[in-house]
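Got some structures for you, see below.
What follows is a pair of complexes built around subunit A, which joins subunit B in one and subunit C in the other.
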Partner chain A sequence: MARLLQKQQNKAEQSSLKDKKVAASLKQNMQDTKELFGYGVNKDFAMRSITLKSNGKKGILFYFSSIVDGERINLHIIKPLLTAEGDRIKNIVSIENIEETSDFEKVVQNINSGKVILFVEGDTQAYAMDVADFAHRPVSKAENEVTIKGPQEAFTESLNSNISLIRKQLHNHSLINEGIQVGERSVNEVNVIYIKDLVNDDILNNVRDRIKNIKTDNVRNLEILEQFIEERPYSLIPTILYTEKPDKATSYLEDGYVVILMDSSSACLIVPVTFWSFFHAPEDRYLRFFYGNFTRSIRIFCFYLTLMISASYVAISNFHSEMIPPDLLLAITASRERVPFPLIIEVLMMEIAFELIREAGLRIPNPLGPTIGIVGALILGQAAVEANIISPIIVIVAALSGLSSFAVADLNMNFTIRLMRFIFILAAGTYGMLSLTGAFLLFLMYAASIKSFGVSFFSPMSPHFMSSEDTIFRKTVRKEIFRPTYLHLKDIQKKPK
Partner chain B sequence: MMNKLWIVFGLLILLTGCYDRIELEQQSYVIAMGIDKTENKGVYAFTYQIANPEVGSAAGQGGSNEPASEIVTVHGADILSATYTANSFVSKKITLDHTRIIVISEELARNPDFIRVIQSASRSPQIRRGVQLVVSKEKASEFINNNQPVMEQRPHKYFQFMLDRADQTGIIPAASLHRFFQITEGDADLFLAIYASTKKDKKQEQGKNKLEDEYIAGQIPQLGGSPTQFMGAGVFKEGKMIDTLDGEEVRIVHILDNTLELNNYLTTMPDPFDPEFQLSYNYSQKQNAKVDITYHQDKPTEIDVLVPFQIEVIAIPSLIRYAHDQEKQDALENAITKRLEEKTMEIIKKAQEQYKSDPFYWSLYIRHEFTNIKQYEKADWHKKIFPNAEVNVTYQLDKLEFGKMLDDSNLDRVRD
Partner chain C sequence: MQNRGLLRMKEILAMTLIIVGIKFSDSTSSLMSQQAQNGFWLIPLISFVCIFPGFLLMLYLLKKYKDKNLVELIETIIGKWAGKLICLLLFIFAFLTLTLDSRNYVEQIKQLYFQESPTDTVYYIFFIVVLFGAKKGFEVIGFTSWITLLFTKASVLIVFLLITGDMVLQRIFPIFGQGLSILLTEGVKKASIFAELFFLLIAYQSAKSTSMFRKGSIIASIIGLFEILLFFFVYVCVFDYNSIKKIAFPYHDITQFVNLGQFFTNIETFFMVFWLLAAFLKFIIFIYITSWIFGEIFAIRNFEPLLLPFSFLVVMIGLIPLNSVINELVLRETLLTIMSPFFIIFPFILWSIAFFKGDLKQ
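Moving on, here comes the complex of A and B:
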């Protein structure tokens, strides 16, 4: 009850701010702003009052000193205001972007996003000038999506540099960067980027709607946004592609996809996606035809290995020992003679051990790093075998399945197959090949039913669409004529007609 | 709805109790199985050779003192029920999935009851249809017990290598259980089983002046090595063994039967110009024999067989210079062809007169003459068509080669 009341109260407060206009009285504006931002208590909230040279009126500047560029304020705002003549504020200050607003809510938002607000005595307009300078790291190498051949730059946490990284590769006047505000308490901007004369408007509207419909206090970054706009939050299969490479984002933009960027995230989201996007790496296309397809074939093989090798091993050795060649069969039998656990437990133990090492290795601070190697080698290695806890063949199986899982580079898809692997192992342990096949079929059927922003997950393969045929394998670059038609783009042909 | 579905799924998994799951180490793998007659009718002695997984595999540290296999014999009515009896002294579940060969004593094979006991092998999914049928001259249990390979300690490897190699050289036929049932139930043609023995034949002494492939198992004069010999074939007509073929005859069957594989083999013949010496050559067949059957209802059926083959002469101890002399080459060619044709006609005659059926699976080429099975059965391959047929076999030499070197050393020059 108390919470409900509080909620209503908050609403009342917010709605009062919503309708509030900038007053003509400078004193009134000053008081309101001071109160809202807790001037005096809030250490980095700054206020400067000046007298404008042009008309002699008083003016007040408000900004957060921690998120603006002080130099620019001095040089391009205060100095001109104090010294220059001119009939309008816009003509006096030398800042690229000046926004006039009479809404008090806008004023608050602008201050929050790193702008300077200028109130002038007797003026019902407030002037918002962009001098934001959030701290961010410089453009560096992509660390999680390593490529040998191709651009090395990665997105940073700064929106402006990210857009600049994209524009650097795509010189196109139709490339639109559209801002949409999300969040109730902290209003953040989501930037939707697309090529205007390519993109399918239905998909674009779908994306806009989903972002606009987010009802929450705060969407801090893309990673949270991803979970707000995805279709099935309980599904194992991801429907949004997350990448930190501007070149990858650009290539998707060129194909008519929509890219979503946000300040404070060093990555972008790409929608809609199909299964193939998760399985491709940008390097496949930078390498020559055969080299690229070779890496693809390795990756699809690894994909299959990770999902199936442990499960197949369990199914075959527990239910269909006649499938194993006699030499191998006797070798496995001999090695299992003194192991106390059923085979499926052995496999699960090793798989879990591998996951442990993986997770621990990720979280462990760098100086302690070598320990994980030693402990890991003990668990996964000779010691466990010698202690008769597991048989040596399991080490090979678990190592293979673990190693292959790294070949699937995309983090989301990586988790998908790592989790599916356990489901398959359990399925294989119940009815052998029969239930393994059943589980795989169900998985495939489910995956085929998934849609990402209206696009089927396995298109253009199934259902079939015209495309550049860059699915399992790719063609030579010269033969890529079409854009993916499952997106229903405005222009499907790549070359000029 | 969804919840109910989950409950059903959950129960499904729980109720399985992992239905037929069995851990590998809880099973005993039978590599070879033997079947013998006993004094009681309907009761047979089954011998199982069970592989010891720990011998010969690097993973098992212990077990080096254990034997490579365990051989047990039990009495029973059929193959499968006997395995359960055997479990009274074999600790693990006996599994027949990996059985390589089924050994049948000649005594049982010649008995009309043989087909009754082997029938159960086709019913069980445990026994593969690729299992090779071996007829042993002695009792099957004796054969398995005496078979002590020297180099290949592990029995499955021994049988695999032994049968593969002997089959490649053509001295034994490929005799899978599948083929046995196929031919027996087809009720035409003869089935050839592998013939083997671990006992020396008394006739071995006579065998000393025979040529390299005119033996059946047990007759080959041998010193040292494993006593087991695989050579020749047991001839089965309508599920019962009626005769044996020696290695040479089996090779000819391989040549004429396109369902059997034969790559090449080495053999010798008397030198046509100097019969004192043997000339040895490599016979190889790149193409299948062409079998052409013209069926006549009222007069004898004509069977024309054309066998293209290639010869590479390996050794000419008589030092006759064939390579330089076209005339001598032609003579040699004729001699080889004639010899092959003679040998082939011999076995065909034997088949027509003695067996009254063919071991070459030729009935395959006549089946299309008939519109339905009834007609085909009425025509009767066994009794009417084959025994009366006019068979012509022509060997056609495609290529005659003389090995790496054209010339032998000139004796006159060496000994001056």
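Moving on, here comes the complex of A and C:
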């Protein structure tokens, strides 16, 4: 109850800020701003008062010293104001981006997003000048989506650099970068990027609506945003593509997809998606026709192995052992002779152990990594076999399924198939191939019924749509004529006649 | 029912092919070979010749009366109440076919792969999958059918290629088996093995355009017939006169018979997976269209909740026959014999009523 009251009080405070205008009195403005930002306590909140040379009036600058470029303030704002003549502020300061506002709420927002605010005595307008300089790391190599052939740059945690990386590859005047504000307490900007004369307006509006309808105090970054705008939060199957590679994002933009960026994430979101977006890697298209398709066939095989190999092993050896050739069957039986557990427990143990190594390996501090890795592998591999906890063949099976899971590069899809693998193992353990096939069919049907922003998961394969037919395999680049028509784009022809 | 016009010819073709074409792999062949022996592979051809004109006629009528499905068409032509009665008969046919066929499939799974399991359990598992699959709606069923079609057909092709070495072509002689007259009567009596084609007409408007449905179903039924003929021919050539009659599930016998080289000698489970996929899909489609027919007759727009009670009924009724022999050789045979004349004659009656009413003139 107390929390609720507090909340209402805060709401009241916020709404009072909403209607507030910039006062004509400089003193009033100064006091309000100081109070709001906790001047004096708040160490990096800076205030600087000056006398304007042009009209002799007093003015005050407010900014967060930690997120602005001090040099630029001195050179392009303070110095001109103190020394230069001019009839309007716009004509005095030499900053490219000046915004005039009379709303106090805007003033607060601008200070938060790294702008300098100038109040002038007797002026009901405040001037917001963009000198933001948030700390971010330089553009570096993609670490999670490695390619051998193709551009190596990855997105970084700065919106401007990210957009620059996209514009570098896509010189198109119709490439639009639209900003939408989200959040109540911390107002962050989400940037929606698309090609104006390609994109389907329904999809675009859908994206805008979903972003605008987010009701929360703060959306920190894309990773949180992704969960706010997706349709089925409890589904195992992802409906938004997350990538850190600008070249991948650009290729999707060219096909009429919508890309979402935010300032504090080193990745972008791409909507809508199909199964193929998760299956493809940019490198497939950079490699020549046969090389690319060879990679694709390896990858689809890895999909199968990760999902099914353990489950198939359980099903076949428990229920259909006649299928295994006699020599191999004897070998398996001999190796299992001294293992006390049922087969399915063995498989589950080993699969969970592999997941353990994977998760722990990810979190181990760098210097310890190799040591612990070797110990883990030794214990789980050799020692467990020698202690008759598991049979050696299980190590092979689990290693195969674990290894193939790394070929599924997309993190979301990777989780999907890793989790499904356990469901399939359990299914295989209950009624062999009957329940395994049933579970697989239901999974397939569920996937086929999924829609991402109105687009069916397996299009353009089924439902069929005209496209460049880039599904399991791709055509040669010269033969790719159409953009995916399941997006209902404004221009479907890729190649002018 | 969700219908957003996403189904194309491909999906209709895949669904028709799965629901009709899969018959070569169940016990239909043993049903036919009882009388005709090694001439039985010609029976589907005769049946097809009997029933296909009727099917084309139905498609023609549906084309003439635009924006109708099977039930609406019958009700428009012969009046609301008489039409409803006929459709109810159709529904009962569909439901019984579904029930007896499903028992038949469950028995196959049980006898070939899970001998020690009770039929009930296999039946329940089978229908839980079918129920949840059917719940996804007709379009998703169509997509899935198309995606899996390639795999199922590839596995069938592999079986065919592997068995060719064991075929003795001379075994088809005498070409008419026990005699031409038996072949002809059997052909007419078993014409309703293609009855599913008629049941599928309930989905006439589900495709993007009705011409896609027509093309898809016609092409699929011809491919299906070809497939059935080809495999029945293979069975005759592999198993020969007399012994063919004693084999209940020739497709599975063949998959157990073939080897992949010297090392992989028992690969039937590999083929069983794809066969199971097709079998699941067949019953998913079948139970969906059966509920659909029921929904149309009693004007239940949202018929998908009916899937659960129907699945339950199918399992309960399907478990009644004592064993698969009675189920197959007595009940299913009787049902087919009853249904055949209906499906051969009914389209022509419907057409002549429409003709004399003068509806076909526009």
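Keep this in mind: the second predicted complex is superposed on the first by the 494 of 497 C-alpha atoms of A that agree within 3 Å, B and C clash if a C-alpha of one lies under 4 Å from a C-alpha of the other, contacts with A are read in each partner's own complex, and residues count from 1 in each chain.
Please note the rule applied: contacts are C-beta pairs under 8 Å (C-beta built on N, C-alpha and C of every residue); 3 or more make two chains touch, one makes a residue touch a chain.
Note that the coordinates shown come from a computational prediction; the quantities given were computed from them, not determined experimentally.
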Contacts of A:203 with subunit B and subunit C, given as first, second, both or neither: neither
Which of subunit B and subunit C A:429 touches, first, second, both or neither: first
Subunit B versus subunit C as contact partner of A:322, first or second or both or neither: both
Partner chain in contact with A:444 - subunit B first, subunit C second, else both or neither: second
Partner chain(s) touched by A:343 [first = subunit B, second = subunit C, both, neither]: first
Partner chain in contact with A:463 - subunit B first, subunit C second, else both or neither: second
Partner chain(s) touched by A:335 [first = subunit B, second = subunit C, both, neither]: first
Subunit B/subunit C common contact set on subunit A: 319, 322, 431-432
Subunit B contact footprint on subunit A (complex, rising order): 317-319, 321-322, 326-327, 329-337, 339, 342-343, 391-393, 426, 429-432
Touching residues (chain side subunit B, partner subunit A) in the complex: 12-13, 16, 18-25, 27, 29, 31, 51, 53-54, 56-60, 63, 95, 97-98, 100, 126, 128, 154, 156-157, 160
Contact set on subunit A toward subunit C in their complex: 316, 319-320, 322-323, 325, 431-442, 444-446, 448-449, 456, 458, 461-464
Sites on subunit C touched by subunit A in the complex: 6-8, 10-11, 109, 113-114, 117, 121-122, 125-126, 128-129, 132-133, 136-137, 139-144, 146-148, 263-270, 272-273, 276-277, 280-281
